[in-house]
Amino acid sequence: MDFLLPMLVDGLAASALIFFIAVGLTLVFSVLRVLNVAHGSFYAVGAYVAVTIGGVVMSAGAPQWLSFPILFLSAALTAALLGPVIERTFIRFTYGKPEAVQILVTFALFLIFEDLQKLVFGVQAYYQDAAVNVLGISDIGGIIYLNYQLLLIALAAAVVVALRVMLHHTRLGKMIVAVVADPEVSATLGIDTRRVYMAAFTIGVFLAALGGALASPNSGVAPGLGAEAIVLGFAVAAIGGLGQIEGAALAAVIVGIARVLAIYYVPQLEPVAPYLVMLAVLLVRPYGLFGAATQRKI
Amino acid sequence: MLHFIIILALAAAFAAIPAFFPWLAFVFTLVLAKGFAALGVAILLRAGLISIGHALFYAVGAYTVGFLSSRAGVNLLIPQLVAAAVVSGLFGLVIGLFMVRYRGIFFAMLNLAVSMVGYTLLSKLYTLTGGTDGLSIATPRVLGMTVGREAFEAILLYGGLGLAFVVGIVVHRYLKSPMGEALPAVESNEIRLEYLGIAVPRVLLFAYVGSAVLAGIGGAIHALIVGHITPDLAYWTTSGQLVLVAVLGGIGGVAGPFIGATFLESVRAAAVIYAPDAWNIIIGAGLLVVIFFLPRGLHGLIERITRKGERP
Amino acid sequence: MKAIVAALSLAMTAAPMLAPAALAQDKPEQLGMGIFTFASGPAAAYGMPGRNAAELMIEQINADGGIGGVPVAPTYVDEAQGGEGVVSEFRRLAGDGSTDIMVAALSSGNCMALAPIADQLEMPMVTWNCDTHQLFLNAEHPYVFRPNSSTVPEFVAYAAYAAQKAPDATRIAIINPDYAFGHDAAAIFTAAMKAFNPNAEVVVELFPKLGTQSFNTEISRIAAARPDIIFSNMWGGDLESFARQASARGLFRSSQVILALGESILQRVELPEGVIVGVLGDSFWNAPDAKQEALDFAAAYNEKFGDYPVFPGMKMANTILVVKTAYEAAMEANGGTWPTKDEVLAALDGITAETLTGTVTVREDHDGIVDQIVGMTTGGTGTPELAEMVRYPGAAITPPVGADPIEWVSTLTPEFAAELPAPGSLN
Amino acid sequence: MSAPLLSVRGVRVAFGGVKAADGVDLDVNAGEFLAIIGPNGSGKTTFINLATGYVKPQAGTIRLEGRDITSARPRDVTKLGIARAFQIPQLFTEHTVLENLMLAVAANQGFWRWQSPLGSPAVREAAMDLLTTVGLADMVGASSNALNEGARKLTDIALALALKPRLLLLDEPTAGVSTDEKFPLMDRLAAVLRERGVTAVFVEHDMDLVRRYADRVVVWNQGRVVADGAPDAVLTDPAVLRDVVGVL
């Protein structure tokens, strides 16, 4: 058990990255009941925007610590620019439509974003690692970790708490919860469900973009980022139970730990670890860890 | 009747074009391969089940041919095709027994998961599958005759087209049978089906196995025309493409997926030459146009014409 | 219906006009060359330098009057569209009469898929990068030539370098990409290391999938295994990410790292001093014995594209030079008239050509003999350069014709490594 | 006295603390028309759900002619001859009214013949007959999605009739049907059921209908059977009038 400590740190670090991918997806599903394949695109766009702004600001000689607020700013900018527009134009069309239509409309958006990224940013990889460098490293059990990795674990936990607080203690959050419970009743109570949908979708875009932005200082940005993110995000969201934020957090930890265990002991299984976890979980709980069947009213 | 005439006309055009542009014969044979598989996906889509994993059965069909050709020394076209259909059907049966319990996104994700496990196995079982370098497939003998590559490719294209017709009629009859008509009923009201005493899992299992067989036939044709197969055949992007083809073409009739495949491969062939950087944009935009304005896909256009013809 | 007609007519217009086949004795207006590389997707980081170098090399050849007076007309095909798309384009180019020779491909998988088609369509194909030893192992490809090295000499070279440079190192960690190239390299490197040092053992072996963004868990796993040597044949964006992450987490300080394709990221990542890197062959333009042509080409490349050519670019340029040499040799042999296809094939068979960075010989099995250059990073930035360089003679480290490559590796001995030129001998 | 057709003993089921059935004992005798009345939310529909296997009881047994069907699934129960119509009509909205009926008829008649068309002459004729019975003969080509609530109800009942059940469970059969249509429809339905010897249970709020068509009435309140007897007796019971009818 020499590896216990590093496995735990690695597992949590991996889980944090996975959680950021899945949380926005599951939030959007819980409110809008839409499965958004384009979520992966927002993840990638967030990363590109962060690297671009970071690159410009850093090369202008700004202090290194500034790279942190830039990550959040980039995510907010991405969300503000893309969230409302896309919800208004494309996502709204899919409300109440069969899942196949939702998946295909958002998949079409995903395809379009893939090429747009290529046209704008080219095919080379970008790196902007000021945020990693400024934080330095720690030696844990003889293995060197980036303090940035440890920070991400804390940030993921903070996002879970922040979402809880937002949903249960703010006006917008309470409206979102009401709409999740029953959109029709909410509408009769005077809640503008259209605005709630737009707000929830924009928060989802923000979380996706934040995930991409936070991953970028350590991983860089290159084509293919979005596709990787969306498949993993869907798997984690399904394992947790669609629409369950705490479920997504727990699923991210399970998948993260599973991957790390695989890398340490059975490296051949690493690429399929998320899928094996999903098969195992859905076999026992067909609607995911925290999910439940919705019975048709007859 | 008008409907059938239009389909025949399209098929005739399909058969004629490669005679003028020989290099398109290869593309059109791939169209048939994709069309078969997308038809399988379309059957499930009628029940509201979206499989992001049918590339697995496509790959199973292809690798069955690959094994027979490069490992077992069975270089005969018909046995290879039959084996591909049977083996992919068996895979469909085993996996389907598990899948028919799930609906919606969970069905989609589980198919994805199983296909990705299959993809990984194909990549990792190096000695069996040739790993990521894949397997090469020799030109098989046809009805006991040794044929040249060129003749073989013609046989594959026109034989494939004939097979598409036969299979199309069989599938059409199935879709019009009670079990076939029950598929949209699964989506619209599964509970009522149960209350009619119909075993929905059995309805779906039949569809699932059928769709796997169709995907397997497609995969076998793919393997034979390309002559080389890699695990990428089972990757989820291939599955996504099959769903795309089915939806673009329309799931309203058996010709839909073949029309969708023709459209997609033609656009791809053109995009590679004229707009290599915007290929995804073209496909994405095309998909949006179809979903927003042609909810029944390209096949829906034929339906509109024939409706007008039948009910003036 | 309209859309279907539109789709069909689109398909038809996609077919270029059938060009009349050139008569053998007349000089054609141009020499059509299909060039296959990755221009998009993650592999473009490796593929685009190849394409850039092809553009520059063809520009220079044409400015010089072309090959035997005939200008080269390239058509570039993006390998990122996947196996069947690549095959489809190969068939189209071969079938519409526009192309006389193929320079294909980057990916070994694509080479394996294209080789039988080249034979079938009787289209000469010269590979420029793919290096799987499987290509000619169980199959004869009369129309396919590889004026490059294969995986076996490439990864034996790194093992020899490691054995010479760090003879006491026994604990080996391997982190390679999860496909045939990575697995083959791991097998060859391991077998060679064990042949050169019977005490060598692999303490951890990881194969992250292509396109992995974060290697942090893998880095922890490797660090926990306390290896003496870390070997990797990752490339492109994966290599860059791994190198940055591993460097930040001190992996380069605690172990001797070998990045087989490391030369390709020297201009993008500040690698610390002393990392063993190579170029999968001899295609390093800034070697001490570099020819003036190589330096000139690099300077022109730098002027045109803003950076220096990495080795995939040099390999591409060298391969096009081999094609040029073959055509010229064929013309010389038949008295100056434009060669027929068979004459070109005959010229390629057994050719020895001067490239920008050395000499290449194509054997009777159509596989190439090329030297292997290995060196160490200097820690410097700017113009890429290497220290402690060695040039292993291709003939010495390539298995003989007909030998099973992996078996041949296991017959190697510590003495074999000792007798090779020593690191630093190329200075 | 012959054994009851359907026999429910000690059945208990609760949804999140609400007791929909709290130790219910109830027999349905062959050939009778049994009406179940009671306030909204008292568990009347749950009785139908229990009898058809849609809801599994937490305790107790349900028997059909002595055969234990407590844990049977809806499709098993259906095959044993119990059919149900729904409070909210359950139709195949992608299909026309005729196709809906043909699917129901075909369910017992060559359903698994995968190369024969759904609309065989025999199936088509049987479906048309059923639609005539419920008065929808002129709606055959309509999409079931486009019907008004009354027509949807009728289609729903016709689907259940198509199964030729021995026991038919009807959940508020005339809700949504216009007042003018109610009695003619029930007359036709009752005639068909009597003619075929079908036993029927119907959950109903309309006391006029109950008086006119029921042989026996059961009053269901808070998960319990609180009264059971002939309509005249039960519907004049002051306690029932207060607790059940009064609420209505």
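First chain written, first letter: the chains are A, B, C and D, and each begins at residue 1.
The criterion applied here is as follows: a residue touches a chain if its C-beta (ideal position, glycine included) is under 8 Å from a C-beta of that chain, and two chains touch if they have at least 3 such contacts.
What you see is a predicted model, and the numbers here were worked out from it, not measured in a lab.
Chemist: What is the touch distance from chain C to chain D, in steps?
Modeler: The distance in steps between these two chains is 2.
Chemist: Select, from B-C and B-D, the pair of chains that is joined by more C-beta pairs in contact.
Modeler: B-C
Chemist: With centres defined by CA atoms only, which chain is the most remote from chain D?
Modeler: Centroid comparison gives C as the farthest chain from chain D.
Chemist: Please indicate the chain closest to the centre of the assembly, with centres calculated from CA atoms only.
Modeler: B
Chemist: Distance between chain B and chain C based on Cα centroids, please, to the nearest Å.
Modeler: 36
Chemist: Distance-wise, how many Å sit between the C-alpha centres of chain B and chain D, to the nearest whole number?
Modeler: Going by mean C-alpha positions, chain B sits 43 Å from chain D.
Chemist: Report the inter-centroid distance (CA atoms only) between chain A and chain B in whole Å.
Modeler: Roughly 33 Å separates the two chain centres.
Chemist: Averaging over Cα atoms per chain, report the distance between chain A and chain D in Å.
Modeler: Distance between chain centres, rounded to whole Å: 48 Å.
Chemist: Hunt down the residues of chain B that sit against at least two other chains at once, touch-wise.
Modeler: Correct list: 187, 191, 277, 279.
Chemist: What residues in chain D touch two or more of the other chains?
Modeler: In chain D, residues 54, 86, 90 touch at least two other chains, as defined above.
Chemist: Can you list every residue of chain A that touches 2 or more other chains, as numbers and ranges?
Modeler: As it turns out, chain A has residues touching two or more other chains at 118, 268, 271, 298.
Chemist: Sort out which chains touch which and give me every pair.
Modeler: A-B, A-C, A-D, B-C, B-D
Chemist: Which of the residues in chain C come into contact with chain A in the complex?
Modeler: 39-42, 44-45, 48, 178, 205-209, 211, 213-214, 216-218, 220-221, 223-224, 237, 240-241, 244-245, 248-250
Chemist: Enumerate the contact residues on chain C facing chain B in the complex.
Modeler: Residues in contact with chain B: 1-4, 7-8, 10-16, 39-40, 77-78, 81-85, 87-89, 91-92, 94-96, 108-109, 112-113, 116-117, 120, 132, 134, 139, 178-180, 183.
Chemist: Write out the stretch or stretches of chain B touching chain C in their complex.
Modeler: 6, 10, 13, 17, 20-24, 26-27, 30, 123, 126, 131-134, 136, 149, 222, 226-228, 230, 232, 259, 262-263, 266-270, 272-274, 276-277, 279, 294, 298, 301-302, 305
Chemist: Could you pull out which chain A residues touch chain D in their complex?
Modeler: 297-298
Chemist: List the residues on chain D that touch chain A in their complex, please.
Modeler: Touch residues, chain D against chain A: 45, 49, 54, 86-88, 90.
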